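Per-chain residue numbering starts at 1, and chain names A, B, C and D are given in the order in which the chains are listed.
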Amino acid sequence: MMNPENYLILAAILFVIGALGVMLRRNALIAFLCVELMLNACNLAFVAGSHITGTLDGQTTAFFVMVVAAAEVVVGLAIIVSIYKTRRSTSVDDANLLKL
Amino acid sequence: MILLETIAEPVAATGMFTWAWTMIAVPAVVAGLLLVAGKLSDAWGHLLATAAVFWSFAIAVCLFAEQLLAPATERAVSANLYTWFTVGQWDFQVGLLVDQLSILFAMLITGVGGLIHVYSIGYMSHDPRRRRFFAYLNLFIAAMLLLVLADNYLVLFVGWEGVGLASYLLISFWQHRPAAAAAGTKAFVMNRVGDLGMLMAISTMLAMFGSSKFTEVNAGAAGTEPMWATLIGLFLLLGACGKSAQVPLQAWLLDAMEGPTPVSALIHAATMVTAGVYLVVRSHALFEAAPIAQLAVVIVATVTLLAGAWIGTSQDDIKKVLAGSTMSQIGYMMLAAGIGPAGYAFAIFHLITHGFFKANMFLGAGSVMHGMNDDVNMRHYGGLSKAMKVTFLTFAMGYLAIIGFPFFSGYFSKDHIIEAAFADNTFIGICALIGAGITAFYMTRLMLMTFFGEERWLPGVHPHESPKVMTIPLIVLAVFSVGIGAVMNFWIQTWLEPALGIHAHELSLVPTPVGWMTMAVVALGVVAAWLVFGRSSIPVVAPATNNPVTLAGRNVLFGDQVNDFLFVTPAVALASAVDTTDAKGIDTAVDGLGRAFLGLSTQLRRLQTGYARSYALTMVVGVLLVGAVLILNLVG
Amino acid sequence: MTFPWLTFLGLLPLVGGLLLLLPMGKGAARTLGLVFSIATLAVAAGVTVLHVTGADLAVQVPWIRAFGAWWALDVDGMGLAMVLMTAILTPLVLLAEWEPPANRWGAQAFFALVLILEGLSLFVFMANDVLLFYLFFEATLIPTYFLIVGFGGARRGYAAVKFLLFSLAGGLIMLASVVGVYVVGASQGAPSYLLQDLASVRFDGDLGRWLMLGFLIAFIVKAPMVPLHTWLPDAAENSTPGTATLLVGVLDKIGTFGMIKFCLGLFPEASLWITPFMVWFAVVSIIWGALGAIGSRNLMRLVSYTSVSHFGFMVLGIYAFTTTSMTGSIFYMLNHGFSTAAMFLVVGYLAKRTGSYDIEAYGGVQKVAPVAAGVLLVSGLATLSLPGLAPFVSEFMVIAGTWSRYPIVTAVSLLGVVLAAVYILRMYQRTMTGPVTDHTAAHFTGRDLTGLEKAIMVPIIGVLLFLGFVPQPAVQLVEPTAQATLAYVGTTDPAPVVKGAK
Amino acid sequence: MSSILLPALEMAAPTLEWRALAPVLLVFAAACLGILLDAVLPRAYRFLAQMTLVFASVALSFGFLVMNWRAMRQGRLAMGSIMLDGPTYFMWASLLVFGTLAFMIFSERQLNGGASAFAASAASVPGSLEEADASAARREHTEVFPLGLFALGGMMVFLASADLIVMFVALEVFSLPLYLLSGMARRRRLLSQEAALKYFLLGAFSSGFFLFGVAMLYVFSGSFDLHAIHEAVAGNAFSSSNGLLYVGLGFLAIGLLFKVGVVPFHSWTPDVYMGAPTPVTAFMAICTKLAAVGALLRVFYVALDGERWNWQPLFAVLAVITMVVGIIGALTQTDVKRLLAYSSIAHAGFLMTAVVGATQVVPAGQGTSASAIMFYLAAYGFATIGAFGLVTLVRNAAGEDNTIASWAGLARKSPWVAGLMSLFMLSFAGIPLTAGFIGKWAVFTAAWRGGYGWLVVVAVLASLVAVYLYLRLIVVMFAGEPAKGTYVGNASGWTWIPVVIGAVATLWLGIIPDQVMQLATFAGGFLR
């Protein structure tokens, strides 16, 4: 079996990719998906941690996180859709009336 | 130094002496009353004020009589009035010391003061603010009496400043005249410079002796370190210079002639300006412990007596001539006081005779002005001896007294000083002698220009004799100018001996060699003046001249210019520099700081771009920052 | 439990001020305000009597227990002197500002703010707890700010902000020290702000010095000393005379008051350390202020610059560490309140007639309005410390006391005495004397001081004269404070140099 | 380790301490009921019903809280996932009070001519006919009340969680409703929607960091339990897995600091505060901050206490940056709500000084960091609720006018509004006789006692600049010429009651703070 710590490294890499995506992608939906990627990187870490520490908490937690992520999707999509209806665009850069 | 022991401790006040404070209080209260009552007292204010001074005079004479009757050791009486304040180790009492010295002053002040009050009733009769004038005069009398009757330096200083205030008020009495207002301010400010000396002297006394009482200071003086004794002496001298218009603080006195003439007579001739002499004599113990300070007094006095005389020779304003003369005469007194025990009595003697004859002449000058529509320029006078007989005659008495005509009062008092000066230092003596010659010169010039020669009156001027209320004081003062010298000549030294610890000189009526010399010099001065001014007619407008001596004299030895250059200009420049620094420097710095923050804020706002992605970037920068700080902290 | 007189004394005007915030008629508001201020004066007089008869007036109730702060009030001689001064000046200011300037807030607001300010100031002078003092010290700024903004001159907004920012700059630095005092106290087993608890705490070394500096800077701004004084001329110029009186006469005293009570009272060692600097600093203020006054073209600025100079004397007296000089400083604080009040109020009378504070706008007033000129002159003479008026006694005490320790410093500071004559008399000369200008004739003819205006000046000048001739009661009142402070600091007065004298 | 595992393995039926948990449960129950009510009640009755439900539930919840507190019920609840200790009580009480006050402003309908501050139909396109119809029909989103209650309940759990997973869930429970609420403004809906989007995206982003931090700490310690993490930190001082600990510590901090609004995780604050409906801004400004600071304290004082030497300098640096950026950023703002947003950032900085000080062990009865912070939050809360309440009053023809220019000369139009606003500004500025001063002084004391004297000096200098910032508004109101076209709206008691309570409490806590301070002090420290 692979060294479980490598899973952690993978999780970190996924997390960074997610974070970079939030910063780089203009489309609100993609940015939001990148956030989901970050959450799932965490899930990976939880599961790996569960293995490393020999406890089950991590695995149950992954389910919690999924539920939370789902809830987030609901709220997030609602907001993004309503903005899309108004502006006919999902670019986060278009929403910059609030500044300075 | 042993002499000090001969000074008797003052005895506590009893009987009449417990009334001494009313000498001060009555005029002070009357002054306050007249000022507060305002127009209500216009009708009778001057009478009340005059009565108040005569009350003080009466008390002074009674006290003097009591002193005469008392044995020599019990003549000095102290009357403690109340505790002014006590703080720390220091106890400041308001107390009076009526001794042989102060009683003479009290009588001079109230006597001459009373006469001048009477004179002023006439002189100021047309002035709508006469009541106010009398209030100020009474204020002056009260302050001056406090000055001479105080038993410690601090209370003396209160009187000192009080007379300064009265002087200021009276010089600028005709406030609507800019020159008068400026002259008052100038006098006060220059006196303040002298006051620094007083404050420093008193502070030093307190540090040295723990008291400013004359008795305690005198007792401790001998034990003072020479440096501090000298410093106290110099500080006191500075004070005296300010009040007595001695060089280098002389410049205010001539301007002070802007005041009504009775004021010039009372304050700027007879009494206030002699306070410096009083101060030096009163502080004799300190000066005796400080030869350098004594020397400084002598030098200042000599310079002043010559400078004053010099100014007197070239002024055309009758009052300014007299003012220069006053400076010069006070120089004589200071000289005597500076010489030491040998001169104290003569200083006071000359002070008293001068008080009478100079007041006499000033009032005479006032009488002349009264008749000449308040013109003060002697070039517009001439031949007034016929128009104003009483004034002329009384003025002549004063003239003879001041030039030292034999057996007139100045003859005694001034000759003694010149003799004492010669005894002290020949050079000083010669200076004093020359001063006497110049005195004769300028006084003769004044007499010639005013009372003799052709009439150079301006059109519309009809000289006339003044009313009785003015001439009677003149006559009284003239009598004193003539006689007081002879009366006091043999008596004054003995009288003052217990107070000042002096040894009486043998005096005789036969002139000494120095006396003969003096007479000769005086005669020379008179003749010279006659040669210059008596024979030829005097131009109505002062002729232009390049003679530096005359120019310097006309410009009061450039005292104002020196002061402007040394003090006024730098002070004005500093004041505007302060203004600039506050507004442009400090405030700009503060405002700049504020603007810097605002600028920073404007820059910072640019970071808030409105793009969600850049906010995310900011957060990631934050992540890096957190990492960096944690790592640095772990490593460090 | 005895009646808490001191709490009552401070609350009385505060309650009055708050009552005045309620809607009511202008006439009723003014009467009510005056009644409250006079009642406060009466209570202050009562407190004085109690203090003099030896009653223990101290109030001490836990206030914020978690951080060791107490509602602790007490008066010593200095505090009582300040309390009396405040209580006397307030009704006079109210009378003087009976008709506040037009186009500004109304009289009711003015009366309310003044009363609130009075109450807060009284608490400042009575607080016996560092935090309580700080609380009221800062709180006084707010009514003052509104007094300037609501009633002041053309640049009132700027002046008010400047005043507040300068004061708060000092105040907030002081807050750091206030916090530090508690922390150090807590570390030494005295987690308390109560002064008597802190007396046992040692604030040593560098920390003590920094803490002391925190307090000192606040007081330097407050007492305005150069170079942190520039707010004062602007604030005074843009205040009404009544506000300026309270600002300079009462509030600025907190600076010198605080130096004695807190800088010296908490940090004796650090205070001795800073002394050489403070002494010269004071001298700079004396001369700078005097020069600034000479250069002023505006009467209000002039008066405020004179105060800078006078505060220099007070600070000099404090840091000379002699009984005489410190007593003189405290006494000066009292006298200066009245002399400044006299100056500001009479300048206000003049401006009320001409509508201008510019010296240039006057000339020859004496001829047409002799009483106004006379009152200005007397006030000016008090300001230049003429003997016979109270400031002289205190200035002399400062000078003589300081001289016994620092003759050279004192000699330099005496320049300020000369310059005082220059700035007062020049001002008088330019405004009151000379030929009557058209402007003066138009505004002053037949409009000399009114009965009310004279009546207001009577007690002020009366106090100045009384304390000039009979200063002993006041000196005796404040001297114990100086003695106690010096005993705590551990310095003794220099003895007379000449042996056998006295 | 195994002892911790056992309960999970046995899958015992969860036990709940109903009585002790009642305050939270009531809030959640009311929220759920509110959703149902919205579904079943006719439109006309909804508003009244929701309001009744909200205030009744909150009052009941508060009643239970007081009862429990008096009975000194303490300890772990709900299978060890919630910690009921002194700070929990104090902050729950604060949350309930401020939540109630904010909900009162939610309820204001008189200002808008009979409509609330929320969009008539949030789903409709701004400017569309649909929206106009909804407006004309006087429809309104009464869901704001249940959403608010959910957020409130989430916050209560958040700061009381004894377990990182509960904390994460609570974080989302209170965040998600807030995202929605932010987008529901009646006026300027584009701004509102944008605020919601930004808030949501960045909030989710920060949740990711929080969760990753949780994961790392889990890997490090093998547990989500704060006490267990504390034990692990204590027993593992120099082990090789410290990297996990520090990464976890850092990421967890980032997630929490985002909610607190600490620079550089603050960027959302100005935009969201400005775009969200003002009542929601008020709610967020106080309650979010309160909950986040509570959680931050709990995590760092309870779980990561052993690492304080590492996070204290970190927080100190962030505190300085936060104060500076918050204050300087505010100096040139032209919008009142934005100004208050920057002000809230600055206040986060001041709060952080006390967090840094971490003064916990002092003789009984003396103030600690926690008590200082709790007091500060209370003081800040009253001023904030009052200030935002007043912000809703200044209006022009189009609705609320938030530009500072429109506040010019307000003192002449309405001395009371100007006076009260000044009071709140003075409290923000920390001027004595207001609660803000006592709060500031308390946190500074806590910081210095914790050995961070220099931080106090920096904070004091920062507050000086801050004074200028608040003064600016006062100057505008009192010295400015009255602005044309703006007027003070005629609000009902729903706005005035919170404002007046805020004002009275600001003065009360500024003058006689002892009771509240004692309450905060005797709340004691956090239990492990």
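The definition used in the following text is that contacts are C-beta pairs under 8 Å (C-beta built on N, C-alpha and C of every residue); 3 or more make two chains touch, one makes a residue touch a chain.
Treat the numbers as computed from the prediction; the structure is a model and nothing was measured.
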{"item": "Taking each chain's C-alpha mean as its centre, the one farthest from chain B", "value": "A"}
{"item": "Chains most often in contact, by C-beta pairs", "value": "B-C"}
{"item": "Centroid distance [mean C-alpha coordinates] between chain C and chain A, Å", "value": "65"}
{"item": "Chain centre separation (chain A, chain D; CA means) in Å", "value": "25"}
{"item": "Centroid distance [mean C-alpha coordinates] between chain D and chain C, Å", "value": "44"}
{"item": "Separation of mean Cα positions, chain D and chain B [Å, integer]", "value": "78"}
{"item": "Junction residues of chain A - those touching two or more other chains", "value": "19, 22, 31, 92, 95-99"}
{"item": "Chain D, residues touching no fewer than two other chains", "value": "197-198, 201, 205, 209, 270-271, 468"}
{"item": "Residues of chain C touching at least two other chains", "value": "none"}
{"item": "All touching chain pairs, where touch follows the definition stated at the start", "value": "A-B, A-D, B-C, B-D, C-D"}
{"item": "Residue ranges of chain A touching chain B (in the complex, touch as defined)", "value": "19, 22-24, 26, 31, 92-93, 95-100"}
{"item": "Chain C residues within the chain D interface of the complex", "value": "62-68, 131, 134-139, 141-142, 146, 149-150, 156-157, 160-161, 164-165, 168-169, 172-173, 175-176, 178-180, 182-183, 186, 191"}
{"item": "Interfacial residue positions of chain B with respect to chain D in the complex", "value": "594, 597-598, 600-602, 604-605, 608, 610, 612, 614-616, 618-619, 621-623, 625-627, 629-630, 633-634"}
{"item": "In the complex, chain B residues that touch chain C", "value": "35, 38, 82-90, 132, 154, 157-158, 160-162, 165, 168, 172, 175-178, 180-182, 184-185, 188-189, 192-193, 195-196, 199-200, 202-204, 206-211, 216, 219-220, 223-225, 228, 571-572, 574-579, 582-583, 586-587, 590"}
{"item": "List of chain B residues in touch with chain A within their complex", "value": "605-606, 608-613, 616-617, 620"}
